[in-house]
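The structures considered in this document are given below.
Across the two complexes that follow, chain A remains constant while its partner is chain B and subsequently chain C.
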Partner chain A sequence: MTLPLILFFACAAIAVIGALLVIFLREPIHSALALILVMVSLAVLYLLLGAEFIAAVQIIVYAGAIMVLFIIVIMLLNAGEEERTNLSKMARYAGLPLGIFLTLDLVYWLSHAALAAPAATGAVSTESADPTRDLAFLLFRSYLFPFEITSIVILIALLGALVLAKKDS
Partner chain B sequence: MNAVPTSYFLILSAILFGLGVIAFVFKRNIITILMAIELMLNAVNLAFVAFDRANGGPHNGWVFVFFVIVVAAAEAAVGLAVAITVIRNRQSLNVEDVNLLKF
Partner chain C sequence: MEFVAQHPILVVSIVKIVVLLFVLMTALAYLTWFERKVVARIQSRLGPLYVGAHGLLQPLADGLKFLFKEDLTPPASDKFVYILAPFLALSLALTTLALIPFGPATLTILGQPTNLGITNSSIGLLFVFAITSIGVYGVALAGWSSNSKYPLLGGLRASAQMVSYEVSLTLSVVGVVLLAGTLNLNDLIYAQSGRWFHFIPRWNVIPQIVGFICYFISAIAETNRVPFDLPEAETELVAGFHTEYSSFKFAMFFMAEYANMITVSCLATILFLGGWLSPLSSAWRWPLYLPGALLLIGGVALVYDTAILQRGIARIQLAVISVGALVLGAICFIPSVMPVVQGPFWFLLKVVFLLFFYVWTRGTLPRFRYDQLMDFGWKFLLPVALANLVVTSFVVLVLNR
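The block that comes next holds the complex of A and B.
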């Protein structure tokens, strides 16, 4: 067991436990905190994959901005414990088996895809000294137009959220 | 460098996505359902970064992760605004009370 492998299994275990807690905890605020746990452990996994910029963005935008938005809304709405209702028959008899089947299916096919990938691409890895610099060139040259579109998407989302959440006068 | 096989990351991604789907189906609270969507988007991001490393070359996968995060932020903002509106009209966080269009 090398150190990266130990780190991977530790973070993977924390992420899966966090995801299970999101499902099983009944208070929305506890689910939100468990989801932050998942995101932080995913950020460590991104570091393990050599994606420092993505790891920083994961912490700042996901754990920092999006989850704070969720927690503010939970506090604003004073969301208490989730009601225990009888699940519809559809969710109980079709939802759980299909969800588990989907998971197993994805695990099966993704593990096989990964087995095929190294043989196909071989050792053509052109790892540069500064991957974040490469990402900057990609974002501001090759993907400049989509990058500018995202700013419009964010602006429209901002205006839409304001209009929707505004009190009717 | 490639100490951890890519397939491990992909299997973790698949498990997290499946847990997100199960949370999406089983949770009754609007806000928790939105959180389940975020969980699924996170799982997809992990798969993108893992495939990006397996592929080598330019980091196109990271650019996709960047755009997914932007869309997730926009979706969270609009979704939570919709949730606030629903709760203001129904006085309930339970999705089963939102059944106006239900057949």
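The block that comes next holds the complex of A and C.
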């Protein structure tokens, strides 16, 4: 057992447990906290892969910005414990079979992909002095157009939110 | 044991963490003393005076008092989150300091070359911002979990304020990153070495003066200090998010606030004031003796104070401190130690100057109103930081042609 391997298993376990807690905890704030736990442990997994920039951005964007918004909304709404209901007709006859089918699908493809994985990653990983610089080149040279399009989409969403919020006054 | 032998870097890191934690906790305690003394002087008072010489044992007394107070938990609170919040606040505040480099010198400990800082990450700056960005949770969760009106309002205010000012805090720093072309804190300092016209140090404060001012104002707001301490405005919110906290949990919030002050000052030193670089010319030899000489002068002054002014316990305590200062000063003159202490000496000097500036602001300015605070952040600070970023990137582009 090397140190990165121990760290990997610890963080993977924390991520899985956190994801389960998000679903099973009944207090909304506790679920949100569990989700933050998942995000942070994912960031550690990125770190172990050598993707420092992605790890930092993961924490800044997801844990530091989006989840703060979630928490503030939950605090403002003062949402109580969630209520449990029995399965609705829709969930029982359409949702449940679809869920089971998709899970089996995922298990099938993952078990086959795992065998092919080492060769694939070996081809992709290139040792570079500064991965952040490489990422910047990719974003601002090779994929500049999709990158800018994404920013415009986000801007439009922002304007849409503003229009909706201003409606009453 | 075999595991430890295979990973000497782990052992060295743990030793460094323990040392830094010890130094930091002492520094936190004495920062409160420093603040009370300076504010007292600004307001023509004397400040802490009776506990030890010059009130130097006051932080110790405060710490003991915190420990022995009754630890109340409001019955309607969310127990788990209520306990988690102060832990989050303090541990995140302390984690950031792991990324700060305190000096350039490379020591060899256990055959392992180590620098004067716990880590040296290639994207150190981003990690500092990543950790400060999740620092909001401590305050927000404390406000929510207390299940009480004032803490909730304080927590909401604090999180809104911290999220707002984080934007201009981050943007004001991007100019520096553009000039240096790196996110590594060590390289950011090295990029500031050299001089203009052979005597003005090439520190980022001069080309990035707008960025520096934006950074410092946002940093004061980010750490919830006067004049931006709306989250704990005692005239409106009792004590804000930590109203329901008592005993050591309250002390943890208190320590987190001061640790954040230190972190922010360290970062300002690294980004804008040239970090550990000396402002004096490296051609001269006498600045090398400066740290030792200053400690010796301080020690002699303390000896005089001990002999003439102090009585009783205070005399014994001050005698110990002055002997310590004299011994440290003498150690700084040992040829092998001299180059090692240069970096930390200048670094700490700049940090103390910035901390003084913090306290000075607190002693001078009144508190903002909440709408003024938000207007100032979004309508003034953010556009200025953005304009600074645009101008800087334009200049960098033209100069690199």
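Here is the rule we use: the second predicted complex is superposed on the first by the 135 of 169 C-alpha atoms of A that agree within 3 Å, B and C clash if a C-alpha of one lies under 4 Å from a C-alpha of the other, contacts with A are read in each partner's own complex, and residues count from 1 in each chain.
The rule we apply is simple: contacts are C-beta pairs under 8 Å (C-beta built on N, C-alpha and C of every residue); 3 or more make two chains touch, one makes a residue touch a chain.
None of these values were measured; they are calculated from a predicted model.
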| item | value |
| --- | --- |
| Chain B versus chain C as contact partner of A:M75, first or second or both or neither | second |
| Which superposed partner A:L135 touches (first chain B, second chain C, both, neither) | first |
| Touched partner set for A:V57, first chain B, second chain C, both or neither | both |
| Chain B or chain C, by number of chain A residues touched | B |
| Partner chain in contact with A:I36 - chain B first, chain C second, else both or neither | second |
| First, second, both or neither for A:A65, with chain B first and chain C second | both |
| Partner chain in contact with A:L110 - chain B first, chain C second, else both or neither | first |
| Residues of chain A that lie at the interface with chain B and also at the interface with chain C | 3, 53, 57, 65, 76 |
| Chain A residues touching chain C - in the complex, by the definition given at the top | 3, 27, 29-30, 33, 36, 40, 43, 52-53, 56-57, 59-60, 63-65, 68, 71-72, 75-76, 130, 132 |
| Parts of chain A lying in touch with chain B, wherever the complex brings them together | 2-5, 8, 12, 15-16, 19-20, 22-23, 28, 31-32, 35, 38-39, 42, 45-46, 48-51, 53-54, 57-58, 61-62, 65-66, 69-70, 73-74, 76-77, 79, 82-83, 85, 87, 91, 95-96, 99-100, 102-104, 106-107, 110-111, 113-115, 117-118, 121, 124-127, 131, 134-135, 138-139, 142-143, 146, 150, 153-154, 156-158, 160-162, 164-165 |
| In the complex, chain C residues that touch chain A | 7, 10, 78, 80-81, 84, 121-123, 126-127, 129-131, 133-134, 136-137, 140-141, 143-145, 152, 155-156, 159-160, 163, 166, 183 |
| In the complex with chain A, residue positions of chain B that touch it | 1, 3-23, 25-29, 31-32, 34-36, 38-39, 42, 45-47, 49-60, 62-63, 65-67, 69-78, 80-85, 87, 93-94, 96 |
